[in-house]
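Below you'll find the structures, each written out as structure tokens.
Next come two complexes built around subunit A: one with subunit B, the other with subunit C.
Take a look at the complex of A and B:
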């Protein structure tokens, strides 16, 4: 994957800020987030609920409801085109065509009153200008591609007739119908059972090779990240706290939060009497602590951390960390 | 299986069928066999992990064991007493000994009650404390034990985060001094960093208070961490049961093997593992389970025999039971490797 880094990025997000305003507070859900996704790579975004990972990915397709949301700044450049300033008509052309989404809950993403086939055909007729018959054949092919048995029968089924794993396959088929350049998968396997999750992850990896799509993979589950991602971005309280390739993240995490996340998880190989924990709770985004947002929960917190917000710094090639004391080092270093 | 002093809970041939109503007169046209002939024992002071995918009957087992839902047939012996034979008032006494912590701390707390009442209500009801003052003292004590600030006892559930609410649920379960607690996916709804806090809390309380848990979860790594012995369920049946080591290191049933290999590894260098088994197909409906071995439709090692013969669960080594026609052969093969 390292050679892909020399290419021009497919997606560039620069200083993205997505805030939510309510009468008496402002929630900085995404606060100055920058990253790139390169051609053919999978970038994993990991974090706990409320860290801004889903809002980041929804901002890319301008899917955040405005108001209450507002894009306060930044740029999102997908394949050379800026998304945030784009007219709506142009954006509609890009959504579903160059950029496709898979969400967590397949039942709420599928329309329950239309047949599976129709929902896929709609995408193809709109973006590829196919007629009804061509689209129908293409829909069968799309279902076949995601290894759905009897696609000729399933196109005429309604979503309720399918199991959770099958519905998620339909979502993938629909997302990939127009061979998008970027596939955003927001917790695509969280609602699925372990054995079904393994099937879906396996399928996504195969399809990625087949059609050479880049994937932005959002999850709270570190083991899924270990399975899928080439590079990993860890988010906490609306900010990127660490960004590196997947092996580095798991072997040499430098941000105390990343380390805490990895160590607190009972791995299949760990045994012992206690887990290492990160104390405290995930902070309220409308009432963030002074200084570094992680400082109240951090074992290495010092006066400097409570006073100022650290910048995201490249501490070694391609390894970015937002911490005054990466790896718990002393301040005078 | 004999009941000795070490056995706190013994479940014998427990069945729970949910009728499917249909037709003009809403007659029973079939049964969802949620729990079908499940037997296991839980030793005093131990944690039995119950794992399986959604719809395998693990939650129904947990609730039926506590007599929260009536079984179709079977016995649950608690300290040698069959709880299904007890009268209502006798059962109420046993309720103080057996408690449950549910998955979702948002829906399992009454939003209109302050925390001290949520935790303290059952103490008064069951005459564990004699007056309100005693109750409050005990509530404060439990709150600090469970990592909550006693001065927040007057607050309402909405003022707490998910992890804190789960602590409240645990404190409520412990309010009546139980011996046995069913943890039904107690950490599944929580964030990763909060999950480990609650797992540690459950383990601490178990050791300090000598509790016995039935720990129901779909998450193998959590079960491995907390359990002493493990039972794996598939479509209403226990397919393999044994000590933690037997299940995680010397598993015999193909479903256990598949479950373990399906769980994503924590090591990015171990991906694309060639030995990985990816099960084909979906979980069959428990209303109409496959004939023969229930797992044969998805089993990578299934033979013609599996589609016809129903395997019995049997002990292949002390404390290790497997429901597979080829259990002995598979165990021998593993041992030879």
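Take a look at the complex of A and C:
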């Protein structure tokens, strides 16, 4: 996938900072995050709950509620246009059109009082200027595209008549209705059972090729990442800690946190023994430890780690790590 | 003809659409259905009786004042000789008309302000809710008298006054619902699809609170009929000679009539009683039908 990196990126996020202010504390949910997504690639974001991966994604469409959230700085450039400073009306044109979302909860992401068809038609009428009849036909096609059997019938169904997997397909159909350039999928398979999960992931991969869209894929499931992503970004406590292509991440992880994540997966060879865990808990984002946020849980932690925050460094081509001792070695030596 | 499997499925899902479910549960509620039928009969007779009657509403029959009910005047005549049967149903038109108008206006004001407050929250919410509290504090009769003095006494003024004084109830219900609905995932999805605020509120949120508004409106019909009656009885409602149920009772406001001329007050009293009872039972039935979880 390295050849795509020579292209101009579709999405550039530069030094994004999304903070949440409450009366007596500031939560730095996304703290100086930069990354790119290229045309046609899938970038996976992994991390524990509360590491800022969802907020990063919401920020791209400026979907974080303000207040309490605030964009403290940075730039988000999607297809040449800056999102954070864009007027609301223009942003509404982009949402659902160039930039589409799939959310985690298919059971509650469809409005219960409208027919499936109407919810897809609305997007098409809004962004594609179709009339009712054209939109209706396009909605049937959209359902057909996500392999829903009997689309002519399902368009007239209400959401309650569909199962979770079917609803997630409808959500995908809605998101892809306007052939977006970037699809942001925020844990789209977490709420589904494993067989349905595999079907939905296959479907997303097929559709990605079909309409040549880029995907920003969030998950905390490393096996899903391995199946979906071209490149992987690991986040911890609101910061990017490692960024590399998917094979590198799994074969040569350099950040102790990434290593911890990979080692703590259940594995055939270790069955019967206790799982490896990363000691400790995710730090409170409003009260981060001094120095590197991971230092209190890190096996390779040294005095330097406790004193200062390491920068994200390109240790080998296209492999970025935020650590003073990547792979447990000392950078200085 | 054998139905294909698809057709059967289509039929069964159609049967189970939201409003069909509501109607099915309402139909199973015998009291509510009886109330609905009585209400329909009352409304129909209010429309039809004045059209078919051989007397006009304001027509004075010469030499026929204070007549007992008879074959000519089914409910007798009043003290200047007007037929009370036609006046009863014409009065029903006014009473029910006022109730419908007030309820409609009150729901429009309440739903718009309530949804805006609930959707935007924060300062907008605070302002709207404080205003609604101010309106709820007004001493009702005083404001009524004052406003009627300022704007003149007419049915239109009465409708406006009643609507303006009663919107906080529905506004608060709608606000509460919207506050919780706006946090639903599908509203998040709405925002992510680039749907405008106005469209989110009125196209996507409103149908979700419609059920509550319908229940409230039914109950409100009852309370407006009662309020209009009390106001007319006090001489603050619709001015005579226009008949309303309240005005008809007001004409019976002395002991001799109450004791000796039952046809002055029993019929309008019965109509008021029946319609209010039926609206309340229907409202309860609707609430149970719309949200079966609320049943005991």
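Following the convention adopted for this analysis, the second predicted complex is superposed on the first by the 327 of 333 C-alpha atoms of A that agree within 3 Å, B and C clash if a C-alpha of one lies under 4 Å from a C-alpha of the other, contacts with A are read in each partner's own complex, and residues count from 1 in each chain.
Just so we're on the same page, a contact is a pair of C-beta atoms (placed from the backbone, for glycine too) under 8 Å apart; a residue touches a chain by one contact, two chains touch by 3 or more.
Predicted model only: the values in this text are computed from it and were never measured.
Participant: Putting subunit B and subunit C on the same copy of subunit A, do they fit or clash?
Facilitator: fit
Participant: After lining up the shared chain so the two structures overlap, which partner does A:122 touch, if you call subunit B first and subunit C second: first, second, both or neither?
Facilitator: The second partner, subunit C, only.
Participant: Return first, second, both or neither, reflecting whether A:166 touches subunit B, subunit C, both chains, or no partner chain.
Facilitator: Only subunit B; A:166 stays clear of subunit C.
Participant: So, does A:77 touch the first partner subunit B, the second partner subunit C, both, or neither?
Facilitator: So A:77 meets neither subunit B nor subunit C here.
Participant: After superposition on the shared chain, which partner residues are touched by A:222: those of subunit B (first), subunit C (second), both, or neither?
Facilitator: A:222: touches subunit B, not subunit C.
Participant: Under the stated touch criterion, name the partner, subunit B or subunit C, that contacts more residues in subunit A.
Facilitator: Counted on subunit A, the partner with more touching residues turns out to be B.
Participant: For A:202, decide between first (touching subunit B), second (touching subunit C), both and neither.
Facilitator: In the superposition, A:202 contacts subunit B only.
Participant: When the two structures are overlaid on chain A, which partner does A:111 contact: first (subunit B), second (subunit C), both, or neither?
Facilitator: second
Participant: A:246 contacts which: subunit B (first), subunit C (second), both, neither?
Facilitator: In the superposition, A:246 touches subunit B alone.
Participant: Specify the angle subtended at the CA centre of subunit A by the CA centres of subunit B and subunit C, expressed in degrees to the nearest 10.
Facilitator: Once the two structures are overlaid, it is 80 degrees.
Participant: On the A-aligned overlay, A:281 touches which partner chain: subunit B = first, subunit C = second, or both, or neither?
Facilitator: So A:281 only meets subunit B here.
Participant: Taking the superposed arrangement, what is the smallest distance in Å from a C-alpha atom of subunit B to one of subunit C?
Facilitator: For subunit B and subunit C in the superposition, the minimum C-alpha gap reads 8 Å.
Participant: Using the superposition on chain A as set up above, list the residues of subunit A that contact both subunit B and subunit C.
Facilitator: Shared contact residues on subunit A (touching subunit B in one complex, subunit C in the other): none at all.
Participant: Can you tell me which positions in subunit B touch subunit A when the two form their complex?
Facilitator: Where subunit B meets subunit A, its residues are 53-54, 161, 163-164, 191-197, 199-200, 203, 218, 220-222, 224-225, 248, 258-269, 271, 276, 278-280, 282-283.
Participant: Using the touch definition from the top, list the residues of subunit C that touch subunit A in their complex.
Facilitator: Listed in rising order, the residues of subunit C that touch subunit A are 6, 9-10, 13, 16-18, 122, 184-186, 188-196, 204, 207-208.
Participant: Would you mind writing out the residues of subunit A in touch with subunit B in their complex?
Facilitator: The touching residues are 48-49, 163, 165-166, 193-199, 201-202, 220-224, 226-227, 229, 246-247, 250, 260-262, 264-271, 273-279, 281-282.
Participant: In the complex formed with subunit C, which residues of subunit A make contact?
Facilitator: Contacts found on subunit A: 61, 63, 67, 91-97, 100-101, 103, 105, 108-114, 122-123, 126-127, 150, 153, 156-158, 161, 171, 174.
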